[in-house]
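In the part that follows, the structures are each spelled out as structure tokens.
Look for chain A in each of the two complexes below; its partner is chain B in the first and chain C in the second.
Here is the complex of A and B:
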């Protein structure tokens, strides 16, 4: 262990090792943040998608895209108001309310979508509403009338009648001068969406929410289901680290113990282990994982189990065996035997610790291999069914032809996280290799 | 060597060879059998397929007007016989253990049979045709990439080992960690840059659609489609490959006999050829051979990303269709190739490395 400690002290001399350690610390910090900021259950619920995300734009780019653009892409604007906040005229048995939703639009580009969400409360007869759009230059456009259900969505940008009347997609036409629409020029200024509601019951009320969906959202953008990709980027970190670390630990430790057992007992046990290793070399790892994913379960923990199982008798056994063979004959083992140490004690306490320092570099470089393996499975569509992972984001992006449609961020951000993880561990591992295998340094 | 010694040697070599062959064959048998069991879900898949057959046949009967006049009992009886016939055809009525032994026997005899669902583009359902159709695509792509990586990394590594510690050497060492990412990962970036940002190369596939008529244009189109996947594999493995070969050569060039040769004043070229390359030949050949059989099966995910119609894609599709004969066919051929390569390597080692030749009989 002494050699181990002096080795660790030398790390400071290797800039790449320090960079690797910083990257790993950053990833660990990010994992802790993810686990505490978004509890596990919540992360699963968020990634399942659905109504939770209705306030988010679809396929919005990350906010930082604007730093590289001349004309700013719009963010999402949400205007909420309830009928209780505004004055109403009461008549016999019915009342009339005007709810103005005001916002100023100052972006250079049109929003991606516009929706109006209505929540009304009534007993038998629901309210009737008419929608008016007021532009900064004083025009008033009638958007139509609705009889909202308890929970109602007016999809303004998908209103075909309105589109025909305005001669352009509504979310564009409503935000520009009639002459400018072909030029795709936004008319900046204060807009008003007025909801003119008539209630037929005294207890009736209406809650309104107007959303102009932006083209950018948050630090990572959103996907085709309006989900914030940041959730997967954040939660992908602890999952990737846990998978990589557990798989690396699981395969290395078991392989080492088996190699040491074979070397210690020798004879037929050693021979059997060698033959099993050869059989294992024939089994194709990725196809087996794909079969397990397709036939049994896609759970990441089942995959982890299979990876470890297939990794137990990996080709590494031959290497460990070569390292352990001379140790078996060393005097301190003989001493241990003389004082009556048992087989397991000799294997676990005397043989394995001796080779551990040499194996640490390989162990560290093994971690990103498994991180990428998990990503590979996810890209093939065999990712965990519920967990948000980087590979699943890549898979979604592939499925939606993200590159073809120009959603480059959708591919780049998970790929960046994967690359960061890979580089961090690999840089540390390579530096450790030079420290712990000093044969190369003396040249 | 005296006469008596030679005949003893030959006998020893023969015994060793036969024992090795037998061991490898047993290995192949066990490996293939395990694959058969896994591909059939350990027999559990049978229930699933029986249920599928039942629902398909019941559906077919319900849709058909001709059976409308039958009483329910008569119809059920008919359905039952039909199901039994189908199960007999797919041999689902026999216990899985017997069937798996039979599958194993056929697989080991390379009698790969017919696929269950898939067929080749030519329409054949023979597993040989299905695999044979995809093989050239995989060999072309992965052969090109791997040979390129292998030879360029060895030559470059030799070059670097002469310039140990130079700026070029250090930058290669610094770049080695980039190989932590697999080829498909770089593939995505290359597609992004060269197919979409600067659209000069196709994003996937093997040949333009419709395929060019003349052979030259066809070859050119394939070449264009190969460029990105080959580049992706090259980037992902070249640095680690150079790095490990360079380290390997450095270790060998610090041996005493190399120092001795240097001290004698031999020219560097000769030292490289005779004193460094010659003793490192067995490991180089091993990795070359393993690379060659690694070509078999290609890489599922790289082929998926580039939409390359190779064996990896075939395997993925076969698993998706639960087409076990195709899966087993691919694995069996891989197992045989691996076993043959390992065997040839054993013999080659004996020829190339005098130490192994002497100890071969006693050891292992």
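Here is the complex of A and C:
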């Protein structure tokens, strides 16, 4: 392995290789962070979506888009009962509670949505509530009355009656002066949402949570299911690296061993391996994977298995065979036979180590091709049904016409991760290629 | 010559042919690389096999090593028929025979260091534990004068000179304490300056360990110093067997004479003299000439005899045989 070690020592001379290593280390670090920060089970639960995400805005851009804008896009504001002054009056058999939810709105743009979540406890007769909206300029707007169920959502921004009454989408109209609504100008200041509740039972109670959904969220934004895309970006990293590495290792090692076995034994074994390879080479990989995904399973591990199986008898066998044929005739192999080395020892310890250094660059550049393959499958809708991956983010983005709707971040961030992976491994691989195949060096 | 006359290797009518096939199935003929060879080698004796390129010397060596399977004939090693050996027996046999090759750099795996190269035979034959292997490695490195061993143990073949590489090859051949060494042109790839050194080393080891040395060469000039007997090979057969001195003084076979004539001789008179050398090419081993294989090139060929009948071994002198009709009395 001396050639290997001296080769590795030369890496320092190639800035591109160092950059590639840094990128790979960054990706590995990100993977470790993802795995420790969001345990696997939790990541799956998060990506399944639903209730967990009700506090998150839909289709929000990443927070960093504000750096490039004059008008700041709003973040999400959450106001809960606990932080408000509650006034209550008790009467015989019933009580009246006034819950003011206060917040100050200082953004230049309107929020994307406004929701009020109510959780009430009662036996037979639920409470009755009326909602009032108080603006900084002293207006009071009645938003309507509700009889909340045990868990109730008041979708203020989708209230058709209110919209008709205010002559504009409520989440806009409520946050501006009536005259400014056409100019889409926000009235900044302190707002109050007053919940006037009447309880008809002594034990009744009410939990309230008002959310003004922002239009930016976190470092990566959210998707159409309110999921934080960051979860997929983070967890996509270990999955992509694991898939790429396992597929590359699996195909390279098996291919190498099979090629070496064919070369060593020659005769009909070699002929059989060559014929199988030729048949396998004309089998189209993607349609087979689509068929497996459609008819059998879309699990990423099944896909990995199929990719490795189809990769065993790949064109690499032809290349390895060409490299190994002269090695088979080397005097040192003959010497090894003369002192008693068996077939498997010669193949594994005498033939393969000889070509290994030359194969390492190819191996490194092979990793991202499998990462891309996995992403392509996901984009085609054959991604693992439960795992959050980069490809699935792209698939969702395509399904929701992200580019048409202007959600560029939704496509750019996973694409950036894929490109970064490709770039990192390619830079390292090409530098290794120059080190181990000195003929490629420029004069 | 020291030691008793115990026979180590006995070869009887050995043929090693390679099948020629067209399209992988149709047999179109055989390459008769080794075609009817018989000889005995005694313990502690050094024998040179001499002949031009393509005469079957190397095939003979590889057949003796068990790398080629003989087509017919028998090889007895220390009384055991080699063809009847099972896997285990063949492994033991391989420990008893060492192999020194022509190209020392090619003979060493470039990705192993010297320690690993020398340990490999021990690992394969399960000899000793790590400590014992280490001491045997050092011992045999001292034997081939690679000392101090520490200086070489971690080196890879490309860091060694040609002579040092060949010493490692010899050390490896000695690792399993063989009783016979087959050296296939051990110095032809080395610089002239280290040839004698390596040959002396081989000769000393052979003498001190009472090894049988089969020394394959095309260079008759070194034979005198490193072998007791010489077998001259031509086109897959041994044409003459003799002791070195006898052969050099009284070559019996016309081919041997031609070989001796071809030796460079630092005599100023040679500049003016044209040498008589046999014309023509070495014969095809696929379709060898009938009768004596040398007859198309032989200046003394007897019409009606040499091209018809294969000459048996005649004895022109004590311990001297020649397969030539000229000695038929």
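Methods note: the second predicted complex is superposed on the first by the 436 of 443 C-alpha atoms of A that agree within 3 Å, B and C clash if a C-alpha of one lies under 4 Å from a C-alpha of the other, contacts with A are read in each partner's own complex, and residues count from 1 in each chain.
We take it that a residue touches a chain if its C-beta (ideal position, glycine included) is under 8 Å from a C-beta of that chain, and two chains touch if they have at least 3 such contacts.
Bear in mind that the values here come from a model prediction, so they are computed numbers and not experimental data.
Novice: Touch check for A:272: first (chain B), second (chain C), both, or neither?
Specialist: Neither: A:272 stays clear of chain B and chain C.
Novice: Check whether A:290 is in contact with chain B, with chain C, with both or with neither, and answer first, second, both or neither.
Specialist: After superposing on A, A:290 lies in contact with chain B but is clear of chain C.
Novice: Considering only the touch criterion stated at the top, classify A:339 as touching first (chain B), second (chain C), both, or neither.
Specialist: second
Novice: Going by the contact rule set out at the top, does A:78 touch chain B (first), chain C (second), both, or neither?
Specialist: neither
Novice: Figure out whether A:353 sits in contact with chain B (first) or chain C (second), or with both, or with neither.
Specialist: Second partner only, chain C.
Novice: Taking the superposition as given, does A:330 touch the first partner, chain B, the second, chain C, both, or neither?
Specialist: Touch partner of A:330: chain C, not chain B.
Novice: Between chain C and chain B, which one touches more residues of chain A when both complexes sit on the common chain A?
Specialist: With both complexes superposed on chain A, more residues of chain A are touched by B.
Novice: Of the two partner chains, chain B (first) and chain C (second), which one does A:322 touch, if any: first, second, both, or neither?
Specialist: Neither partner.
Novice: When the two structures are overlaid on chain A, which partner does A:150 contact: first (chain B), second (chain C), both, or neither?
Specialist: After superposing on A, A:150 lies clear of both chain B and chain C.
Novice: Which stretch or stretches of chain A touch chain B in the complex?
Specialist: Interface residues on chain A, with respect to chain B: 16, 20, 275, 278-284, 286-288, 290-292, 294-296, 365, 368-369, 372, 375-376, 379-380, 394, 398, 403-404, 406, 408, 411-412, 415, 418-419, 422-423, 425-427, 429-430, 439-440, 442-443.
Novice: Hey, which residues of chain C end up touching chain A in the complex?
Specialist: Residues 24, 62, 65-67, 90-91, 94-95, 97-99, 101-103, 106-111, 113, 120-121, 124-125, 156, 169, 172-173, 175-176 of chain C touch chain A in their complex.
Novice: Could you please specify the touching residues of chain B with respect to chain A in the complex?
Specialist: Of all residues in chain B, those touching chain A are 23-24, 26-28, 30-32, 34-35, 38-39, 41, 45, 164, 173-174, 176-182, 184-185, 188-189, 191-192, 195-197, 203, 247, 250-251, 254, 297, 300-301, 304-305, 315-316, 319-320, 322, 327, 330-331, 334-335, 338-339, 342.
Novice: Applying the document's contact rule, which stretches of chain A touch chain C when the two form their complex?
Specialist: The touching residues are 1-4, 271, 330-332, 334-342, 345, 350, 353-354.
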